[in-house]
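Heads up, the next two complexes both have chain A, just with different partners, chain B and then chain C.
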Partner chain A sequence: MNATIAAITLRAMLGRRRALLLFALPALPILLAVILRMTGDNDLGTSAGVLQSLVLGTLLPLLCLIAGTGVIGPEIDDGQIMYILTKPIPRPVITTTKLVVAFGLAVVFAVIPTLLTGLLLTGTFSGLTAGFTAGALVGAAAYCAIFVALAVISRNAVTIGLIYALVWESLIGNLASGARSASVQQWALSVADAVADTDRITPAVSLPVAVVLLVVVVAGGAFLAGGRLGTLTAATAD
Partner chain B sequence: MTLGAIHDIGYRHYEGRRLGRAYIIRSLYVHNLRAAYGLGRPARAKVMPFLLAAMMLLPAAGSVAVLAITKEPNTLIVYSQYATIMQVVVAIFLATQAPVIASRELRFRVVPLYFSRPVVPPDFTLAKVGAFATALFVLLAVPVTVLFVGALVTRADKMKPLVMPDGEVARAMPLGDHVLHYLGALLGCVLFALVLAAIALVIAAFTPRRGFGVAAVIAVYMVSSTMVLIVQGIAEARTNFELAGWAGLFAPFNLVDAVQVRLLGAEKAAVAVPPGPWGGPVALALCALLVAGAVAVLSLRFRKAGLS
Partner chain C sequence: MSELRLDQVSRWYGNVVAVNGISMTIGPGVTGLLGPNGAGKSTLIHMMGGFLPPSTGTIELDGATIWKNPQIYRHVGLVPERESAYDFLTGRQFVLAMAKLHKLPDPGAAAQRALAMVEMEPAQDREIGKYSKGMKQRVKMASALVHDPPVLLLDEPFNGMDPRQRLQLMDLIRRMAAEGRTVLFSSHILEEVERLATHIEVIVAGRHAASGDFRAIRRLMTDRPHVFLVRSADDRRLAAAIIADGSARSVELSGQGLRVEATDFRRFTWLLPQVARKEGVRLLEVSPADESLESVFSYLVGGAG
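Entry: the complex of A and B
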């Protein structure tokens, strides 16, 4: 961890109008939760559906994609990363710092809204809120690790991330159940299922498998990002 | 509009033909259309659009193959539903390529250079919207054409009717209907292309920072469609089908599907569409309003960027 790099990254992410998107997105499920509560549609099935499809399935990967690629991608693209790389800071420290900042942003803008949405919809009933918050927390760690590593490896990180999150996890995951075993969303659901006290959540993988895969992905992503940044040659894009 | 774009600064006089505004608009259109698929740019820019185009084609080719092998007429994907079925891939194409068209000149602050020529902001905008809509139309229409050609080649219209397990009979569609449905679906593709291009370009023009435009476009698409799906699910569970239908107007793919179903006589692909007879005209009016509004907003945006 390097406090200066963290501060610079945070300022780049939240400066000026850029943060609007990060603020506007998490407001939507909270708004929906308020509406559902007012119209009395907040039964357990609907709430679990909203938390699973909108929050865990849509918002979490999207915000982690913005945060994970945003902390390092633009800097590599316009060559500014050189100013950091030429300082006597080990490169794995740089990527770890970026990863921690991305995870922190994901917690503030995705995990806490999950908690609020859950509380608004069901309160603490049958542990649904706690379950999805725990799921979102581990999911955020895994997504951020994947997307930071992708941003270091490829200039097309955002598109590849989108294809993974939307096509692989949603489209192919719905058709071929085998693809669901290799999906962060299902691992997060597995954790959510273990914490919550309801049969509304049906993950595709068992808890031990999910935990092992989550740890492997987070560690692998951090390791890969640090290693690839070590051999990075900067070139301008566009 | 003067045609004084070729400046005579005393070194060498120019006597040739002056090509003027229409030529500039046409050049901008062609340039942007090529840029949408990364043509004329390094291989890195071509990978994603062509990968996504291949992903669009795959299910169509698969559907034709299944039709040819099984000889069951109902295995062919319905032409007008193709865009809705593949909407995730279309949305990713929109998100990755809209910033290529709308953000780059803004990011590098070169818009004033365009307006030092005889071209005005509306021309610049129309060339961009037209080019991106054309690129999207190609993306959508090629797979539909593959389906249609596949149906013709395998003589889908002559296939034996199939009795389904639930007793219904799936009859082969006559050739005339194939042609009509195909033409209707192409019209739908035009509308899809215009509406989606308009929305995506406006969002991309307001998020010029690299990476953020992509995220913003996909966020608007995904959040709108997921929210609409949830609202429709709850409304249908309460048997309020009217609300479920009207809610569809707030998701871009659902909106165009409403026009296809109500005005072009297509089969429904979205969860629900607004009830007739008003549903179709309202949806079409909303589409027109979206496109016109987008052109106006983009013109203002480029005009402002051109002043600096």
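Entry: the complex of A and C
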């Protein structure tokens, strides 16, 4: 962790136009929760549905995609990363810092909104809110690790990430049962299910498998990003 | 005193060879890396700066390998060609951040010293995004100098600068070298290199074409067949006189005038007016036909190969 890199990254993130999405996207489920609450449609089934498909299934990966790729992708594209790479700092420290900043942003803009949405919908009933907040927290860690690594490896990280987050997670992930276990969303649901006290959450993977896969993905993503940044070659327009 | 040593360095991308078997040693003082665009200068600087591994060969700084060795950045300052720095930071914030990243004992003082060195103190509290090209280049220099490195690598530092900014930067680079640093800069403009570098390395098409001080390079570049286009009042008569004189290898008569291939640049330019006067032929136009840097370079490669 390097405080200087974290500070520059955070300023760059929040100064970009893309940052507006970070503020706008989490407002959607909160707004929906307020409406459902006012119309009295906030029963447990509907609430679980909103939290699962809208919050955990769509907004969490999208926000993590913006945060995860945003903390390092533009810096590599524009060449400013040179200023950080020309310092005697171990590369894994750089990527770990980027990952921590991305995760911090995901907590503020995705996990806390999950908590707020849950509280507005069901309060603390059945532990639904606590469950989905815990799920969002671990899901955010995994998504951020994946997207930071992706941003270091590929210039098309945002496109690949979008396809993964939207197409894979929401289409294939919901169709083929075997594919469902290779889904961050399902791991997060598994954690949510373990924390919550309701049968409304039906994850496709068991808790031990989910935990192991989450740890592997976070560690693997961080390791991969650090390694690849160490051999990042200059784009030679020569 | 630091020394960069390249030994049989090559770099290729797929089937394209960008740098081909280059060996050179770069010591204290200003070294100019001269070559036309696309010659492999940036590839070479990127390898020296640790941003690209050589495909074969070795690059060492005082005996230490550069690739995958971030510790060398304690001794190297690199000014990349690309303009973009962190535009949202002020000059001072940027240089201070770089000092902190180097974990210097007193980053604030180091940043101030570096900013003073490039005379950017008056503008240090403005955002980099609002700087002129020359100011950006200087603040980038400050960021590369903040840890007082013995080696400074500059990739096309004069690109896009106006003449005044160019002079300022030349002064600064000279001062850096006078303090005993090893300074290497790349350029595709002979005049820049000639004015600044005490030692010149010429790269053409990925190969090391020439090496030496600017006089040696200048001589290499002038002691070669030069082609001139000459228009006069009586081309036919002038052609005969030039041939008779012997300072030209061939003279070709065409609709546009004479195409003269001179064997000796100095002798020919000195003789032509005299020959013309003696023959009573009025010269209308004398222009060098192949003075583009590329043709000079390709001649050098031919000679070196």
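The criterion applied here is as follows: the second predicted complex is superposed on the first by the 232 of 238 C-alpha atoms of A that agree within 3 Å, B and C clash if a C-alpha of one lies under 4 Å from a C-alpha of the other, contacts with A are read in each partner's own complex, and residues count from 1 in each chain.
What we mean here is this: contacts are C-beta pairs under 8 Å (C-beta built on N, C-alpha and C of every residue); 3 or more make two chains touch, one makes a residue touch a chain.
Everything quoted here is computed from the prediction, not taken from an experiment.
Chemist: Which partner does A:R155 reach: the first (chain B), the second (chain C), both, or neither?
Modeler: Only chain B is touched by A:R155; chain C is not.
Chemist: Quick check on the superposed pair: does A:D78 touch chain B, chain C, both, or neither? Answer first, second, both or neither.
Modeler: Touch status of A:D78: both partners.
Chemist: Applying the document's definition of touch, where does A:R91 land relative to chain B and chain C: first, second, both, or neither?
Modeler: Touch partner of A:R91: chain C, not chain B.
Chemist: Based on the superposed arrangement, let me know which partner A:F23 touches: chain B (first), chain C (second), both, or neither?
Modeler: A:F23: touches no partner chain.
Chemist: In the superposed arrangement, does A:N2 touch chain B (first), chain C (second), both or neither?
Modeler: Second partner only.
Chemist: Can A:T231 be said to touch chain B (first), chain C (second), both, or neither?
Modeler: Only chain C is touched by A:T231; chain B is not.
Chemist: Can you list the residues of chain A that touch chain B in one structure and chain C in the other?
Modeler: 78, 237-238
Chemist: For the complex, give me every residue of chain B touching chain A.
Modeler: 44, 47-48, 55, 88-89, 91-92, 95-96, 104, 108, 207, 209-212, 214-216, 218-219, 222-223, 226-227, 229-230, 233-234
Chemist: Report the residues of chain C in contact with chain A in the complex, numbered from low to high.
Modeler: 13, 18, 38-43, 46, 49-53, 68, 70-74, 76-78, 80, 82, 84-86, 88-89, 97-98, 100-103, 143-144
Chemist: With touch defined as at the start, can you tell me which chain A residues reach chain C in the complex?
Modeler: The contact residues of chain A facing chain C are 2-5, 7-8, 11-12, 15, 78-80, 82-91, 230-234, 236-238.
Chemist: Under the stated contact criterion, what part of chain A meets chain B in this complex?
Modeler: Touch residues, chain A against chain B: 18, 21, 25, 28, 32, 36, 41, 46, 49-50, 53-54, 57-59, 62, 65-66, 69-70, 73-74, 77-78, 155-156, 158-159, 162-163, 166-167, 170-171, 237-238.
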